[in-house]
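In structure tokens below, several structures.
In what comes next, subunit A is part of two complexes: it sits with subunit B in the first one and with subunit C in the second one.
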Partner chain A sequence: MTAYINGTGLISPQKTADISGFLNDIVQHQADYFKCIEPDYKTYLEPLTARRLSRLVKMGITTAKICLADAGCSIPDAIITGTGLGSLEDVEGILERIHDDSVPISPTPFMLSTYNTISSQIAIQLKCHGYNSTYVHRSFSFESGLMDAMMLLEEKSAANVLVGGIDEMVPNHHALIRRLGHWKMNPVDNLQLLAYKTPGAVPGEGSGHFLLSSQNNEHSYATIRGVKTFYQPESFEESKDQILNFLASSGLNPEDIDIFLTGINADTEFDPIYFRMAQDVFPEKPLAWFKHLSGEFYTATLFALWTAANILKRQEVPPVIILKYKVQKEVRNILIYNQYRNVHHSLILVGKK
Partner chain B sequence: MEELINKLKKEVIEQLNLEDITVDDIDPDAPLFGEGLGLDSIDALELIVLLEKNYGIKIEDPKDGKKIFYTIRTMAEYISAHKKA
Partner chain C sequence: MPRRIFVTGLGIISGIGNNLGETLPSLLESRSGIGEIKYRREQLIDDIPVSEVKCTESDLFTLAGIPFTEGFSRTSLLGIIAAKEAWSHSGLSHSAELRTGLISATTVGGMDKCEMYYHDFLTNDQRIIYIDTYDCADSTMKIANALGIRDYLTTISTACSSSANAILLGARMIRSGFLDRVVVGGTEALTKFHLRGFNALRILDKNPCKPFDANRNGITLGEGAAYLVLESEESVKKSNKSPLCELTGWGNACEAFHQTASSPDGIGAYLAMKKALEISGSEAGEIDYINAHGTGTDNNDLSEGKAIEKVFGESIPKISSTKPFMGHTTSAAGSAEAILSILCIIHEMILPNLNFSEPMKELRFIPVTKLLRNVSINQVMSNSFGFGGNDTSLIFKRC
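Now for the complex of A and B:
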């Protein structure tokens, strides 16, 4: 089945909240992790509403509003959110209060600490009483939301679905995961990321929304032709077969892919999977990446989907994402391939509308 | 009392994250709920937490809240009368 992307909204470590630009003013980060470039929320939220919302919830509501305005849609039929970690800032706030027995628990971080806060706050803001769901499946969170949205469109339960992904990074969580060896030990320069030949990725964060519709219109960016996830493949060959079968299920073969957009994240332990896949399955096809711009997070593929949608609509390929082989012709199909530590693998096939 | 009122205004602004409100914007005799600052029921819970956290005062009967939290001045008077030494 096909779902049209009729609107997008993204807050990321790049200047993406302004939808008029497209990765033409790249932000350099020299840090342990890449924080979002946030817009002035007063443009999107009433002060009395905003005061009770944490940064992540503000980001979520804002990207939802940017997306709907871009799509020319006031209220969607359904709202779906994927998040790996939810509102960490609020969770930490409430845990600290619980840990410190002498301090009474404040209601606001308690209410906002649940994973489904973002989806529900968007619904409250929009006065949308339709289907509302949140997926929390680590690196499958956003993809699960996309699949749910596409099934709603397929069975005609909805015509317009607002689907998003969102995750934030906070100092405590960063320090804990770094101790496990999943993050790089020292600050890095995002524009020189592949020069760091060390294990571990560099975390980031982001909030992105997409209005998926069953109908093509003048706002349409691209189509999502398929989404697939697979868990902990036993071998490289199994991953390769998954990709080939996925393409075949859409009537495509590797030659039809114009850009192989990967989740390469400068982790020397797991990046070889991407490079080998590019060499074996997509030889001499443009190889692209995005995590030097977004950082690594559970729902990072939202940045890839936003990038793919913009490439297909504008037929412009930002040089900053290309690692190998320039794009020489019209871009019709982009395959997004992401894997986190060779456990959660996902594929999103995005096509020209 | 005026000193406590000013202190309380600052604490209310901080606890309720009233970003665009200054101490001078709050009339100590204006209703906190409905009109005035336009606070709601979640703010009422936050104010209960504030009294307990900053002054060690627990409100045993929720019905008293309406009188106690009517204005900044009524809050200050309640704190003065019930603050633990």
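Now for the complex of A and C:
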């Protein structure tokens, strides 16, 4: 099954909301985590709606609208969202006062705190009554949504599926996860990220939407040729086999991959998996990364998919993503490989349309 | 011919029983699990009735068959108990040839522990291990690890239709050939977060809920977990077992109306039921019983009722909401009620809509109020509708 990416919309810690550019004006962050560069929501939302909704939902609706406008599609047949953590802002507001029964909980944050709020608010905005679902499984959230979308196309129950991923970071959650040792202890410079030889990643955030369609058209960026997730591999060899089998199921071998776009995140504990995979399976192939631009979050691969789609459409490779071996020829296939702490692994194969 | 999907195992824990064997007598004797909070008085607000699982945390570890370990939420324990029961009920064993998945649903994940320890999280390291239970995937991972499932796993959260969507996704993944067998369902523990949140929306009844009653006053929350095992025809043949029933239809649609209210005409519910009938290849008249979402709120019961009337016209099947038995278990409700629907097929019965006394003027039908036995049921529709207008209908068929 092949799905065409016919539109994209992305808000990230880079200037990606404006679809005319493509990572040609890189934003430097010197911080504990990389926050999104948010557009002026007035362009996308009624002022009343904008005031009522939380930041995450506003980002989600906005990237959905950017994506649909880009694709020239007014209303999709289905809406699917992946979010690892949902609206942290709304939940934390409630948790802070949960035990004090004398302080009332206000209904709006509770309503907005449910994970499916983004998908359903997009549906309300678009008046879309079609299939609607939300995946909330850590770093499988976005990939589960992509797989569902591709099944919908294959079943012919939809011709155009709006699929997105979204996660935000807030100070309290950042502090908690840092206490678990998953984040770096001190602020970093994103443009020097690999110079910090310490365990832990650096969080980021993002909201991205893609219109996946069964039909190729003049808006098409690229195709998604396959998506796969695998869980808790017992060894490096198992991960390697998963990758080789995944490529083989699309009739490809490692030689056909023009860019190996990985989730390298400067965590000295888990990055070696990527480097070893690059060396073992894709020797001398261009090795790329993106998390110095996006930061780490459960749905971070949406940034990678957006990058891959743009490379394939424009045939332009932003130098900032290349770690090793320059791209010398036409880019036909990009393999996105992501793993979070060696538990959740995912693969997205993106091809030239 | 599209691949057929069979149900081969069931597992459930709720306010009316810790397993399938305890659940059935409660259903037959119209015993509700709703009452005042007893097991977690410290944590939960106590002037609103709920349907608690009648277990302490230590009981749950025993039922789950694991020694007490820090880092387990009540949500995870309930999920492990019900999923293990479904697995053994189906007689599944690990197989290298068959691809096995787990699709689990939850709305607030491990909130039961996080809300208790949130202050600790922010100020000290005492409860640090519970930080990782905050999200929805934690319980799914713990269930997958308990069952040894690695081929595919994901978590769905579409509020009160979550586990119905887990069933729907499982069916589609078998039909598409992606999986051969899949454990599907949902788990949800009662939390102060939900109790206070729903209370803020003013939709919790001070008395046990009475769906489809003219004087209905809101939801009664419950907790529980329920999982089904779905298998492809080939997988069923390999193990030479007789399936419990067939899952023939599923429909997912969105109200696109309001974050927490359903539209007056129930457009989402209508579309979900229509799609389920279409996929099933069933005529509306072939449905013998509808296990309604029937939450007991003004809004849901009216719009669901209107949508049912629109789909079924003059031949409205027998209908009941079983929420007065186990309360509204939110994310677990879809799979819990799918199991009750399947029990109706197996035991040739229709479950009563407890607590009903006065018909709604707006509707042409009244629900079944007394248990009906020896009724032949071939096809059952199970409805699950959620906040955000995420509406899903499923159709199970005798085989």
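The rule we apply is simple: the second predicted complex is superposed on the first by the 352 of 353 C-alpha atoms of A that agree within 3 Å, B and C clash if a C-alpha of one lies under 4 Å from a C-alpha of the other, contacts with A are read in each partner's own complex, and residues count from 1 in each chain.
Everything that follows uses one rule, which is that a contact is a pair of C-beta atoms (placed from the backbone, for glycine too) under 8 Å apart; a residue touches a chain by one contact, two chains touch by 3 or more.
Since the model is a prediction, treat every value here as computed from it, not as a measurement.
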Touch test for A:248: subunit B only (first), subunit C only (second), both, or neither? neither
Which partner does A:117 contact after superposing on A: first (subunit B), second (subunit C), both, neither? second
Between subunit B and subunit C, whom does A:106 touch in the aligned arrangement: first, second, both, or neither? both
For A:48, using the defined touch cut-off, is the partner it touches subunit B, subunit C, both, or neither? Pick first, second, both or neither. first
After superposition on the shared chain, which partner residues are touched by A:85: those of subunit B (first), subunit C (second), both, or neither? second
Quick one: subunit B or subunit C, who's touching more of subunit A? C
Output check: A:148 vs subunit B and subunit C. Expected answer is one of first, second, both, neither. What do you get? second
Can you list the residues of subunit A that meet both subunit B and subunit C? 104-107, 111
So, in the complex, the side of subunit C touching subunit A is made of residues 45, 106-107, 109, 114-115, 118-119, 121-122, 125, 128, 131-132, 134-137, 140-141, 144-145, 150, 152-159, 165, 169, 172-173, 175-176, 178, 192-193, 196-201, 252-260, 267-268, 271, 386-390
With touch defined as at the start, can you tell me which subunit A residues reach subunit B in the complex? 47-48, 50-52, 103-108, 111
In the complex of these two chains, what residues of subunit B are touching subunit A? 15-20, 38, 42, 45-46, 49, 52-53
Of subunit A, residues touching subunit C in the complex: 79, 84-86, 91, 94-96, 98-99, 101, 104-107, 110-117, 119-121, 123-124, 126-138, 140, 144, 147-148, 151, 154-155, 172, 175-177, 179-180, 229-232, 343
